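The first chain written gets the first letter, and so on, giving A, B, C and D; residue counts start at 1 in each chain.
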Amino acid sequence: MPARADSGSGTGTGVWFIGARGCVATTAVAGCAAFAAGLYGPTGMVTESPAFAAASLPALSDLVFGGHDTVDWPLPKRAEALAEQGVLPHGLVRAVHRELAAAEEEIRTGGPMAGDPRGDEELITAFAADIEDFTRRGGLARTVVVNAASTEPAPGADRLPASSLYAAAALRAGCAYVNVTPSTGIHHPALAEAAAAAGVPYAGRGGKTGQTLLRAVLAPMFRQRALTVRAWSGTHLLGGGDGAALAGSTAAAAKNAGKNRVLKDNLGALPEGEVHIDDVPVLGEWKTAWDHVAFEGFFGSRMILQTIWQGCDSALAAPVVLDLARLAARAHEAGITGPLPALGFYFNDPDGTSAALAEQYDELLAFAATLREPR
Amino acid sequence: MPARADSGSGTGTGVWFIGARGCVATTAVAGCAAFAAGLYGPTGMVTESPAFAAASLPALSDLVFGGHDTVDWPLPKRAEALAEQGVLPHGLVRAVHRELAAAEEEIRTGGPMAGDPRGDEELITAFAADIEDFTRRGGLARTVVVNAASTEPAPGADRLPASSLYAAAALRAGCAYVNVTPSTGIHHPALAEAAAAAGVPYAGRGGKTGQTLLRAVLAPMFRQRALTVRAWSGTHLLGGGDGAALAGSTAAAAKNAGKNRVLKDNLGALPEGEVHIDDVPVLGEWKTAWDHVAFEGFFGSRMILQTIWQGCDSALAAPVVLDLARLAARAHEAGITGPLPALGFYFNDPDGTSAALAEQYDELLAFAATLREPR
Amino acid sequence: MPARADSGSGTGTGVWFIGARGCVATTAVAGCAAFAAGLYGPTGMVTESPAFAAASLPALSDLVFGGHDTVDWPLPKRAEALAEQGVLPHGLVRAVHRELAAAEEEIRTGGPMAGDPRGDEELITAFAADIEDFTRRGGLARTVVVNAASTEPAPGADRLPASSLYAAAALRAGCAYVNVTPSTGIHHPALAEAAAAAGVPYAGRGGKTGQTLLRAVLAPMFRQRALTVRAWSGTHLLGGGDGAALAGSTAAAAKNAGKNRVLKDNLGALPEGEVHIDDVPVLGEWKTAWDHVAFEGFFGSRMILQTIWQGCDSALAAPVVLDLARLAARAHEAGITGPLPALGFYFNDPDGTSAALAEQYDELLAFAATLREPR
Amino acid sequence: MPARADSGSGTGTGVWFIGARGCVATTAVAGCAAFAAGLYGPTGMVTESPAFAAASLPALSDLVFGGHDTVDWPLPKRAEALAEQGVLPHGLVRAVHRELAAAEEEIRTGGPMAGDPRGDEELITAFAADIEDFTRRGGLARTVVVNAASTEPAPGADRLPASSLYAAAALRAGCAYVNVTPSTGIHHPALAEAAAAAGVPYAGRGGKTGQTLLRAVLAPMFRQRALTVRAWSGTHLLGGGDGAALAGSTAAAAKNAGKNRVLKDNLGALPEGEVHIDDVPVLGEWKTAWDHVAFEGFFGSRMILQTIWQGCDSALAAPVVLDLARLAARAHEAGITGPLPALGFYFNDPDGTSAALAEQYDELLAFAATLREPR
């Protein structure tokens, strides 16, 4: 039976990770346990700020974790590796070992694995059964499926991408769905009908944790000040699995689509410039994003803004994942279905229409306010 | 008689610069003429965006320029020097020579000059007379006094600072007043009563054209994302008169107050860190601001954002000055008096309470909407 | 007859540019004339420093310019365009108009042009005849051929690249040859025999004017301090013809080979990391190179050096071109033949073996000393 | 009796730290033990490179540590604190606990402490006795005194600064002396006679571990390429004791003197620009230095180089300290006396005359070669 972080409360909320042994999921599980135990503050978790106090979100201590993965390196080992890199404090990994082991117990083998003979339908059925089993055995009120996997093998011509197989399984299991990667997931055309019929909320895609976050405040600044942006160039260095997965891949193209969209939507047109994503393995979880913005003032005078963002990918993404899992679970509980444009605040390539962070934040707060209503 | 840029229209609006032969005033005069003549677009002028189309602002072609200065280097010469520096295009300076010469004709000697025997009251009277004479001879509907001087001599113990003498003169002449410098100006306690009684609108202080502009969008981002800012350090290199005036002066302290306030108001508390303002004469009008923000993610993991802003001071400040002159003139016409908190969008250290640029922009648009009402 | 900058002296030295109407060649012609006329100092010209005073280099006033190009936009027009961009001062372009026009008179059509029916041998013969005619008519002692073209069309499978056609012509005309581009030029295997037999000196390739220059001093620093470099990544933004030519081309691969070689030769092994070259047309001649170096200290502690180089390509390359033309001409006069490894100081991908700038500088000074010998 | 790291060998070499419980000394002790035990490689230790193999330097396993300090926080505790900050690996601190404890045993109380009644002469005598006792009890061949203290209280008008008291004690005890701080130390005029008479070698001052290291390779680059540097500005953020000690102190002035000297000596004249040293406690041992260099190319075109150095102060300084202790001990053994200009490679403000790192490196290698002579 899935372990409950807080066995005293009534009904828990499941969080089912795609990529459950990855850095982001591991950091989220560890962070949730550490915060619930009072070991660390809620840095980075917007849902812990006062504006969300009345939104009836599930308590962090009520979250129960499980998931799919295709690697078999256990989650507590991953946590130790993250501690070696300085992402997680060594003491923390020891302190939350029980919770890490509990989550590890609830991880099932994903797919398709190399040489896997199963077809798409077979895989979806198996994945959905895993999720339903997790929810039932844990006595959970509901489960949110969160895609936090760093990569997906390119599908064969007539196959769905792996991320979409998992999304289809989430729909079949009646779960809310969140995609914090640039993978296709629920946005695949073949899932459109099922997504509309499932009666669940979903949101994506790509966690906004660095370069795009900055662009979502800087691009509106240029627009509001009537300064013309002529070129916006950038380079993103990252290691870890994400660097290897993204560099030169179709996933990078998807990620870049988000980076470009934030510029186009805020500036009215896409300026010159490219974005590069480089895999630099020695950087590990520590990513660096350099942006170079050529803009014009009066008389076309040439000016430059450069930004350098040095962040820890998992430490930025994990609180976003916890926020999203809580919000999606609550939306599901409140009977909200379909895409959640009010969560655009969190995504590189959101379903909503606002592209400026300040507007997205206002929409998020308004959404939190609607969750307060008595049901 | 003051020359009108567009002699065909009815009643003009005066713009009286303190520091009328300085870089910002010169660039504003040249830019206004160039835009009115269709030579350049409105880059940097927010009041030319559609949201202001119905606000009944004075046309740029209806602005008439004059002012005080204590140097006698003529304004057309200053424009040529700015062209040598690459701030103004050479062709532009030739094209708007007539308008530059017309503004030069309306510049009167300011003060107090070295060895000036006149006391504060005498100076205020003389300055007010200059302004009134300008307005009367030009047949202007009204005049806005804009402090764009780069520096002010430290006053004697029992004297008002020069910027406050000019502000008092503006009040006495019944003019709206705008202060785009960090000087004291109308904020001096000795002027409080006159400001309240004058029945004119006023706004200030410090044009938000670089480092503080960035801070006004980045600090809210950290707050909204619940990321803890631990230290915010910065260095500002600039030449021109402004660099010399600011470096190590009380004016720098005032400027820093604005830079700190934007952090404190947005983040709730002032983080560690200092701001340095260096005079680097060879940089001329081209200023560079480096900011280093140490922030924390999950588990206190250490992350860094750095920004480098390389801008042309006059080319950034001049459109702000024109925007403010138009808005203040229209507010005066509409009978609005006292501080104009809705103009906080433009200032480092504003009268308003919002510190986030997005909110300040919304307030500015709302203010523009109120100006639409029939008079 | 080619105009001599200084008709009083005895025998002149020809400088024949491949890409004679390009930015670098135009800036070199203008800069040579401006310096000879005393209008500007020798900034960037190493051969004007005291260590070269006794090296019997041709005087700048004795250089005579001509060349090939495939565009027909006249060189004085190019100079005006460079003044618009702020590369050349407007006044300078007027002051040296006579010299620019004289160089324009000596430009011949290069090739192969689109649809050109001529084969390689025919083109080489025609190019060599142009160069010989220039030398003869001008009564020049000798001519140095300098490849300063920004790009070369990819050759057909059985054709030589254009840069190698010009190099072959230089050899046939008995001229010293310098290649400041990353193009193949004289390094093509098909030219090896002719190069060995021609009895002329030659040098290349790729002018070291930015990112590689920095790497040539920073990489030795890490090596000498026994600090381990783990990754060296970079992005290079540039506009102008060079940006368009380099982005994504085989020329970029050649340029990157030089950038990598400086790391490998100095550090012993190539660290992780990539280099991107982006075409950003709005930047024009102003290029920006960002480098990110991840290195280790004691106990593998992770440290970072980042550099940002913002330079004007032509203003950096033109003095290098003039230095190289003088040195190659003098080497030719002194009877030195074959590759000139002592000029590695100037090149991204030099013929010499030293990769550290300090050693390359010492080799250059030693070479200058050998040129002092009586002939 | 002082513990010997390698009790099997004949005569050991003492390293007596001023500031023995500080970050640099602690890291040096831990690093020496870790390297001697084969736990880590020699990153950052130049004396472990092949060029020093024949220089008869004392083995790292033969170094014995002790010192003075005025704080009583034990050195193993400091090591744990450094591990918390990520400077030392946690496992390392456990592995070398014995060596840390042995060094702690040999730390004596320094001075003058607050309210210390002892005069300068009394303190010098006491300090010298401590050092002699350490050398005698350990059966050491000789001891090198290394000033690695982060700060010194400003002396009274008629008192020597603390760093000079320790330096005088080193001279009296007949020890070689090395100063890796910007403090006065042996350079005080009152010590000149004793330094000349003592017959020991000495070197200083200020470990070159960041901004000045970069300047020592970049300034020569500009000079060699004949590019004119117009302004060189910088800001240095650091926490730890060093940040607090340096910010706004006379020590900062001394440190800046070194930073300026490297520019003046390399460029011929000091360009415009200032250096700021800010105490930012949250940065701890992780220091950041931003440099902004405004330089000119052909025709005075304005170009900019910026560098950002993010390093761990102790991890950079500790290998330098070990190098210097070995070299000074060997010089002492070889009968070399007085200042050691050949060690300028390591110092911000060296005794030697070369200011370019490449030349300093050549001098260091030449010095190593002289140490090969049979004794």
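Going forward, a contact is a pair of C-beta atoms (placed from the backbone, for glycine too) under 8 Å apart; a residue touches a chain by one contact, two chains touch by 3 or more.
Every value quoted in this text rests on a predicted model; they were computed, and no experiment measured them.
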| item | value |
| --- | --- |
| Set of chains adjacent to chain B and to chain C | A, D |
| Contact-richer chain pair (by C-beta pairs counted) among A-B and A-D | A-B |
| Whole-Å gap separating chain A and chain B, where each centre is the average of the chain's CA atoms | 43 |
| Interchain centroid distance [CA atoms averaged], chain A/chain D, Å | 47 |
| In chain A, residues with contacts to at least two other chains | 86, 304, 306, 308, 310 |
| Residues of chain C defined as touching chain D within the complex | 27, 31, 34, 40, 42-46, 48-49, 86-89, 92, 213-214, 217-218, 220-221, 224-228, 296-301, 303-312, 314-316, 318-319, 345, 356-359, 361 |
| Interface residues, chain C side, partner chain A - complex | 230-231, 233, 235, 237, 272-274, 276, 278, 280-283, 286, 288, 290, 292, 294, 302, 304, 306, 308, 310 |
| Chain B partner contacts - residues on chain C that touch it in the complex | 86, 90, 308 |
